[in-house]
Amino acid sequence: MNKVYADANTAIKDITDNAVLMLGGFGLCGIPENSIAALVAAGVKNLTCISNNAGVDDFGIGLMLKQKQVKKMIASYVGENAEFERQLLSGELEVELIPQGTLATRCMAAGYGMPAIFTPAGVGTEVANGKEKRVFNGKEYLMEYAFDADFAIVKAWKGDTDGNLIYKDTARNFNPLMAMAGKITIAEVEHLVPAGELDPNYIHTPGIYVQRIFQGSNYEKRIEQRTTKSPLSP
Amino acid sequence: MNKVYADANTAIKDITDNAVLMLGGFGLCGIPENSIAALVAAGVKNLTCISNNAGVDDFGIGLMLKQKQVKKMIASYVGENAEFERQLLSGELEVELIPQGTLATRCMAAGYGMPAIFTPAGVGTEVANGKEKRVFNGKEYLMEYAFDADFAIVKAWKGDTDGNLIYKDTARNFNPLMAMAGKITIAEVEHLVPAGELDPNYIHTPGIYVQRIFQGSNYEKRIEQRTTKSPLSP
Amino acid sequence: MALTKEQIAQRIAQELKDGYYVNLGIGIPTLVANYIPAGINVVLQSENGLLGMGPFPFEGEEDPDLINAGKQTITTVAGSSFFDSAMSFGMIRAGKVDLTVLGAMEVSDAGDIANWKIPGKMVKGMGGAMDLVASAKNIIVAMMHTNPKGESKLLPQCTLPLTGKRCVKKIVTELAVLEVTENGFKLLERAPGVATEEIISKTAGKLIVDGEVPEMKL
Amino acid sequence: MALTKEQIAQRIAQELKDGYYVNLGIGIPTLVANYIPAGINVVLQSENGLLGMGPFPFEGEEDPDLINAGKQTITTVAGSSFFDSAMSFGMIRAGKVDLTVLGAMEVSDAGDIANWKIPGKMVKGMGGAMDLVASAKNIIVAMMHTNPKGESKLLPQCTLPLTGKRCVKKIVTELAVLEVTENGFKLLERAPGVATEEIISKTAGKLIVDGEVPEMKL
């Protein structure tokens, strides 16, 4: 069975209007740039996007927002995006904000076949509204459900033809969790190698979770907050 | 803060009678040989041991059973041990058998701060007796609680002085899960290196989970089922 | 002629499809790996934490850190990966393993399976079997049609403690291939030369025989 | 004299103990890293998936794949490790992080905290703040004593949507160090030269002043 696709356009070809998508990355770090560009080009609409952030005005998921392709955004932090704000206030965009750890764990739960998890995040806040509460060992928890996504779209550093993935540094973030969670998982990688080249001890996402993989190209890897120190500072 | 201990005897010194211990390994693969030897030498008694298996008659946890140090064994499979059988039938040993995936996930739950998880394993069997059942999306699940262990004792391939751990091949098994789950986690490693020598992208257990680490010695690594093929077979 | 254990494995191997991820239990199921049809790529999962299990190692090349769920020394193939037991059972629970083949002491005509405990005798434990049968999308049981006393292992109801309920999809024995349907065992194929009457006489659970039953092709 | 932001960070740094794993939020909390006392080894956790965060990189050495939870380019120190976001919040929920320092818009005298949303204005989201405050063993808030309008941020009850309930242990402002007790804010230390009366006048929540209040040592 061949998992290797030529490029982003062919890999995302069957994503249709109204699909539920997970998109990996934290901020602009480790986002599936090629796939997002292909989704923008394809013009699919009414998408539900599960992603920690919503990109910035002119990059990442922001590009899909600009084209009004997103019906609903499920995220933990969306504070870097004026177009997002405009669509939210005008009622064009539906938004569900959930704690970052809850977002991560609901992805993992899907990949681990756990229908629900318990977390203390959000107890006593508006996040708890309408959710089942439960006390364990004197501490209150909320029950949160596993996500149910049609497609997970992730970005990895290296991948092999069997779909095994390795991420680099903090570009790992949500990518391995979403890779486990999609009904169909599409991985774009900076370096695609033949099966057998990656050390099996250091695979972050085993290939069983990945249905499609392609070698990405022209990564921009934009930096949101370029912070540096001068050679003289402590 | 120094996490490095001289040897197994000093690392397990404060484990007292009646302690609840997790011990890593699957069969005899990846078991903390040095720590088990030290526990046998220390002679602590009435232990509750959480481990997938109970060793064999003369190796692994079997050595502790022989000395009657174990009050209760929580495991998924104990079929390789005649002394175990004798103590079980004579009522000397209390045994709780639970599905392997449930055992693994209850360890992970402890390390991930999740008080309970849901699994379909055991539904409709005697494992479900007395447990809370719940239906999600038409499928029945059991609620299983996170383990609560005083000490987790694990074996890794490489470790550094900050407690970061890397496991080798299938000797990984339960080790990283238990490493996350102990109130105090003791890691024995084949190769102890200074912090900074291990690639941060390939750490299996981050040091935050490990309180004590020592360089093990004289690993026997016994094989239970030596299966080979001759050079002529397919 | 009743099938040999190797032939049971061979017949089960015909159920494999290209790209399948498969978990093979101890005993006859392990032998299935020897009969994977040409042109079909199958990845073997070992629930102790490996995808891409290979054959046994050459003598002298055994590695105590590399074993399968039966604690046998093994090897890996290209594209393999190691992971912890939580992820291993996570992918099983999430339905990522396409096929599970395992042995059984008893199977009921509703698809219940018993294979982990004989009360009064030694209890070895369920290992990963309960997780596998509770989660696998497709479960094939490989076993003998009768126990050593000659009693049918295909029953109206299991008499031994269950491993899982209503989970077995297919059974391959030395005599027959049977499918578990809503109305009981359906006889799909006979072993070459085995009469339908013999299968009927050795099946205690409800058996559906629908017209002429073809012989297996091996 | 009221403290500068750097001095608030400096005072908070005195709470660090050798071997602590610490999560520092955006803003003043980030500055705490610059004042870790000599001889004390502290490991910084960044909830996007890093233990062992180091200082900003030299110019030209920024790596877009290596950022902190504030999306700033950073470096690592020896002994660091990367992991996914589920493990990151797993270790937070499991209480493995010894100390969390974060900013706040409001804190109540029961220890409630609000720092993620102003109704009617833009909602940016809670990020990891709700997970952190619900789970951390020890939470110190670093903030100004009053808002830009001069209104106290230490209240009998928060007016903004909560981030977490009864979780803040200590507050360090430009004027004071306060502990959250069962009976309200307890004034522990005054900023050098700041009168107790000023702190009383700028604290809207219940404030306990127990005898002579010492000045901070910086």
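Which chain is which? They are A, B, C and D, in the order written, and residues in each are numbered from 1.
Everything that follows uses one rule, which is that contacts are C-beta pairs under 8 Å (C-beta built on N, C-alpha and C of every residue); 3 or more make two chains touch, one makes a residue touch a chain.
Please read all numbers here as calculations on a predicted model, not as lab measurements.
Participant: For chain C and chain D, what is the smallest step count along a path of chains that touch one another?
Facilitator: 2
Participant: Taking each chain's centre as the mean of its C-alpha atoms, give the chain farthest from chain D.
Facilitator: Ranked by distance of C-alpha centres from chain D, the top chain is C.
Participant: Using the touch rule from the top, work out which pair, B-D or A-D, shares more C-beta pairs.
Facilitator: A-D
Participant: So what's the Cα centroid distance for chain A and chain C, whole Å?
Facilitator: Their C-alpha centroids are separated by 37 Å.
Participant: For chain B and chain C, what's the span in angstrom between their mean Cα positions?
Facilitator: Here chain B and chain C have centroids separated by 28 Å.
Participant: Return the residues of chain D touching two or more other chains; collapse runs of consecutive numbers into ranges.
Facilitator: In chain D, residues 50, 82-83, 86, 89-90, 92-93, 135 touch at least two other chains, as defined above.
Participant: By residue number and range, which residues of chain B touch two or more other chains?
Facilitator: Correct list: 105, 112-114, 119-120, 167-169, 172, 200-201.
Participant: Is the way these chains touch best called a line, a ring, a star, complete, or other?
Facilitator: Drawn as a graph, the chains match no named shape, so other.
Participant: Could you list each pair of chains that touch one another?
Facilitator: A-B, A-C, A-D, B-C, B-D
Participant: Where on chain D does chain A make contact in their complex?
Facilitator: 34, 46-50, 55-68, 70-74, 82-86, 88-90, 92-93, 112, 122-131, 134-135, 161-166
Participant: Using the touch definition up top, name the residues of chain A that touch chain D in the complex.
Facilitator: Contact set of chain A toward chain D: 26-30, 52, 75-79, 85, 88, 95, 97, 99-105, 107-108, 119-127, 157, 167-177, 204, 221-231, 234.
Participant: Can you list the chain A residues touching chain C in their complex?
Facilitator: 1, 110-114, 160-162, 164, 180, 194-196, 200-201, 203, 206-209
Participant: Using the touch rule from the top, collect the residues of chain A that touch chain B in their complex.
Facilitator: Those in contact with chain B are residues 105, 112-120, 136-137, 139, 141, 145, 166-169, 172, 200-202.
Participant: Spell out the residues on chain D that touch chain B in their complex, using ranges where they run on.
Facilitator: Within the complex, chain D contacts chain B at residues 18-19, 21, 41, 43, 45, 50-52, 76, 78-83, 86-87, 89-97, 135.
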